[in-house]
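Common to both upcoming complexes is subunit A, partnered first by subunit B, then by subunit C.
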Partner chain A sequence: MAETAIDNVAAGEAEGLAGRRRRRRLGPGFWLPAGWIGLVVFGAATAGFWPMPAPETIDFLNRAAMPGTVGEIELAGQTELSEFRYLLGTDNIGRDMLSRLLYGARVSLLIGLLSPLIGLLVGGALGVVAGYYRGRVDGAVVAAMDVILAFPALALLLAITFYLGPSLPNLILALGFLSVPASARVARANTLSVARREFVLAAKAMGASDLYILVREIVPNVLMPLLVFAMLLVAVLIVAEGTLSFLGLSVPPPTPSWGTMIEEGRELLDQAPHVTMIPAAVMCLTVLSFNLIGDRLRSLIDPRESRL
Partner chain B sequence: MNAPLLSVRELTVEFRVPDERTVHAVSGISFDIRQGETLGLVGESGCGKSSAARALMQLPPPTGGEVWFQGTDLARQSGAVLRRLRPKLQMIFQDPIASLNPRHRVAEIVAAPLRVNRLLPRAQIGPRVAAMLEAVGLEPALALDRRPHEFSGGQCQRISIARALILEPALLICDEPVSALDVSVQAQILNLLREMKGRMGLTMLFISHDLAVVKNVSDRVAVMYLGRLCELAPSETLYRAPAHPYTAALMSAIPVPDPTQPVRQVQLTASDLPSPMDPPSGCRFRTRCPRAEARCAAEVPPPREIATGHQVACHFPLTG
Partner chain C sequence: MRYLGRKLLRLVFVVAAVTTLTFLLVALLPGDIAYLVVGPTATPAEVEAVREQLGLDRPMLVRYGEWLAALAQGDLGVSLRTSEPVSEAILSRLPVTLELMLLAQVIAVALAVPLGVLCAYRQNRWIDRAVTLAGFAMISVPPFVMALVLIFTVALRLGWLPATGYVPLSEGLWDNLRTFALPALSIALIEWVTLMRLLRNDMIMTLQEDFIAMARAKGLPAWHILLRHALRPSSFSLITILGLQVGTLIGGTVIIESIFALPGVGRLLLTGIFSRDYVVVQGCILFIAVAYVLINFLVDLTYSFLDPRIRVGGRDG
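Then we have the complex of A and B:
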């Protein structure tokens, strides 16, 4: 009896698994946006190594120059003027657009990646703990998150800029703090459904501690939905930085960011639309890429694995 | 007869629900499980079978009552003592897929109980896991590196059994272990449980709503209705001569695979299970019982022994 059972099971496995083991394909819907983000990250990381002017260097003779204009400007690290072709033109006071775009990518990426990371770590931990323990812990966390959600975000950002000064770290921390409640909610909702499942009960029955159950059984199941949500958060926060520039709440000038570039180009929109449109297009593509990757990841979560 | 491995006394499980109401899932049930036997626990869904089983495991602990296991009352133990005792009581569940963490490989799932309890040195865990998988009828080489969703329901249940038995528990609680499986796979899993029971000297509590399955595996059977025990008897006796009207109704509902036999279903007076939030006074079965009289509403029928090892909680039993 036992032997035949083993044979049956083994035979059934061999047939069924070959098909099921196929690798899930990511496809161009993932690789194109991932490639663009790779390009932006590469540009931001290597911005200092290219033979181009520093983002603050001004060519007074070529203000709001069209893409392709040739002018004379000091390249980064040099004191002499040299001939340089502004591939993407210059902005309204004559700074190289490409250089500002690459340095600006640093700000956008730092805000877009670090702030959600803070939200994810803090909010994720709070949400998982609240969803697992339920009861009073849950009540306290949910109440605290509701307070933060109800608090006007702009008032907080204004207060931080006013008292602590406008700086990139302050901005990242503030936006991170503001993204905690949403992450906590996503984590809590997923934890509630995972913690009800029987493998959690089985872990308790074998004598596992709460910490073990949280780290080994729950978090791996909550991580994927949280990551998908984080992709959305990245996109939202990159746009948020752009919006905050218009209120003067982003990084202080002359540090370039995509948001401040769009804002500064506004004055010359009728004569030199490229000053606004190029950073806007780059921001749009980047945000779109993060959204597409998020969508792709969501559809990749195996429905068998995510079902209840 | 053997000494009881587990003695349950007046086990009560109540849940608070919104609006200050209470669900009386289990209301004072008492029974023993003897060393080496399989006790079946049957009843329709919602009668408190699973709540009772989880209360035995202290997951969560019962609202009241005692659960004596090897000389300790589990219901009174603190976290640390309880955790040390847990490996001796293991459980397998109804949903074979939800029982296994979809993010873990089978090797990790089956090894987890050993790791958590630090029972074996690291080097011995691998061979032990492989041996256990082989014992439950899975090819270790094929199974170890896969995740649960790559297996069928029956195979997942085998993995669950391996995880529960790797701790060499004294008592295995099976909560509807085959209800979610195809009939042909049910038989395989039941055979496996029987084989493992013989090999490891297990004592089992086997919960099911399927009377045929319970009869097949159990030495004694307890019948539960709306949080109370109706009848407890050796399997043979119970199926041959049920004493409680509810048991009789259940038995008559077992389909007989013979079209020439007349349908002999006992007629119940109301077909819906009363709400466990507001159970009937006296005997809980009286609202559906064809033999109910005024006394049944006034007095709770105490369990009494009508023959050796045959307990029934009814004022007007059918036999004895």
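Then we have the complex of A and C:
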């Protein structure tokens, strides 16, 4: 995800700013958050390969242990106990925090990356078609999106998970559905500003079909603003998943997720704040990273905004 | 007036769609609601009784008609668990939610206006950059994390305020405000960022206008120019967003009310979800959605009366 974003920015830079001398750099405001996200993705992908206890394994002797405590626990895939240092401590029933964080990242990332994809594909297509054809199609799409947007997002999300039941595929679908209207709006607004431009007229004059114009002329111009929007969407959806799992309405236990970890630490907030604060900090850093990357990319494609 | 007519038409359409959707959410529920309501240990006779009570034995269109007719009289049905009328339950909890939203907005504005003015005045200096960075960090904190951080520092470590609990207004304003302070702060410390950014950007635009240069030439002090000349013309979008945020806040208060054990509408909705009380869930969602639509409509309207360009420009997008 981050990789393609960078490639696209590079391509946009080469095309759009070729005439100008001044080169825009991505800078540390981009690379630091990108590095953090890379680390989280790497950790989530390799979670099963480290010599660590499984996220459900319990060390009854070390409950809510401070980071750095050494205890005896079965490592993943083994049956006998071995000595292990809990780098981030254990939670309040004695499970390794680091292991749970890495496995929990899978839930956050799966939802944070797959749901926006659904939203962008469906919403983007609807928005582009509505903005290009105008008239009836446009009216219908805008009206439908208005109705969905009429529900406050969290209330609608609660309703959907309430009816479908909490499971990972259901959550991905529900959050994907919720991100359709906003994506459609972004796509439509950008299509409207492109659809009357000379190069579209030229393509029409050359007898190009609607499909050709949509795919070759409109979509490439709408893609970049949508991508920037996607970064902010990822941040919003990670928070949404965290909120749901904090309420106990996300992936059912024992699957760890960051929101669940934060919630579970609540009862020991006074005695062992690290059980709550470590997953909370990881979640905030991840959300902040997506926000920063989104902001950086936006100022690259829209220099007016960044001068303010 | 044509503008108003079109807006009204759209309002009626959205409200109609919202009510239908809320009805369908329950009507199209997979499985037999009656079984879910009474639980797995119930006798067939009990299931039949619940089915009759909910009217599940009749066709869906008939139920929809009856539901709409009751709705028109303000009747949202009766809770399956407590037998309390849902509309009364919502109304009795509404003041708590309203107070929470109002306090949160007041604190957010109190933070956003001075900082927004300061940042615009010191554009791109270190103070501007520092506030912007702090804003970015705070807007990335999920509300429930902000609530826990505040509980941990202010309530548990410093012991200044109670961690949870609710004291009604009738038992004294001071005690009441003490229980609302942390919940309101948990929302305000995130919401102020949007307001501040908006005011700052609009203010930077205003500060480039001729009348500001004129005021400077007259030798007026900076604070006078900023507060008496520049603030009012710059606060236009701030006021709009304030109105629109009220809408989003209705949904956002759900989690804050649940963390701080405040008996508001959001908590009612959550209790309904956890006890699988479909009638309460349906009523709360409908109430929140309609309130949200109405508020957005009113904000839209006041906005267009304040700025005639909107009325002429018409369609959004």
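By definition in this document, the second predicted complex is superposed on the first by the 264 of 308 C-alpha atoms of A that agree within 3 Å, B and C clash if a C-alpha of one lies under 4 Å from a C-alpha of the other, contacts with A are read in each partner's own complex, and residues count from 1 in each chain.
Criterion: a residue touches a chain if its C-beta (ideal position, glycine included) is under 8 Å from a C-beta of that chain, and two chains touch if they have at least 3 such contacts.
Bear in mind that the values here come from a model prediction, so they are computed numbers and not experimental data.
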After lining up the shared chain so the two structures overlap, which partner does A:Leu192 touch, if you call subunit B first and subunit C second: first, second, both or neither? second
For A:Val287, using the defined touch cut-off, is the partner it touches subunit B, subunit C, both, or neither? Pick first, second, both or neither. second
In the overlaid three-chain picture, which partner chain does A:Asn221 touch, first (subunit B) or second (subunit C), both, or neither? first
Once the structures are superposed on A, label A:Tyr212 by its partner contacts, choosing first (subunit B), second (subunit C), both or neither. first
Contacts of A:Ala202 with subunit B and subunit C, given as first, second, both or neither: first
A:Trp31 in the overlay: touching subunit B, subunit C, both, or neither? Say first, second, both or neither. neither
Does subunit B (first) or subunit C (second) touch A:Val147, or do both, or does neither? second
Touching subunit B and also subunit C: which subunit A residues? 308
Could you list, by residue number, the parts of subunit A that touch subunit C in their complex? 142-143, 146-147, 150-156, 158-159, 162-163, 185, 188-189, 192, 235, 239, 242-243, 246-247, 249, 259, 262, 266, 269-270, 273, 276-277, 280, 283-284, 287-288, 291-292, 295, 308
For the complex, which residues does subunit A have touching subunit B? 1-2, 5-6, 8-10, 12-14, 16-17, 20-21, 197-199, 201-209, 212, 216-217, 220-221, 302, 304-305, 308
For the subunit B and subunit A complex, residues of the former touching the latter: 54, 57, 59, 83-84, 86-87, 89-91, 93-95, 98-104, 112-113, 116-117, 134, 137-139, 142-143, 146-147, 149-152, 155, 158, 160, 163-164, 167, 188, 191-192, 195
Spell out the residues on subunit C that touch subunit A in their complex, using ranges where they run on. 10, 13-14, 17-18, 21, 25, 29-30, 136-137, 139-145, 148-149, 151-152, 156, 200-201, 204, 247-248, 250-252, 254-255, 258, 269-270, 273, 281, 284-285, 288-289, 292-293, 296, 317
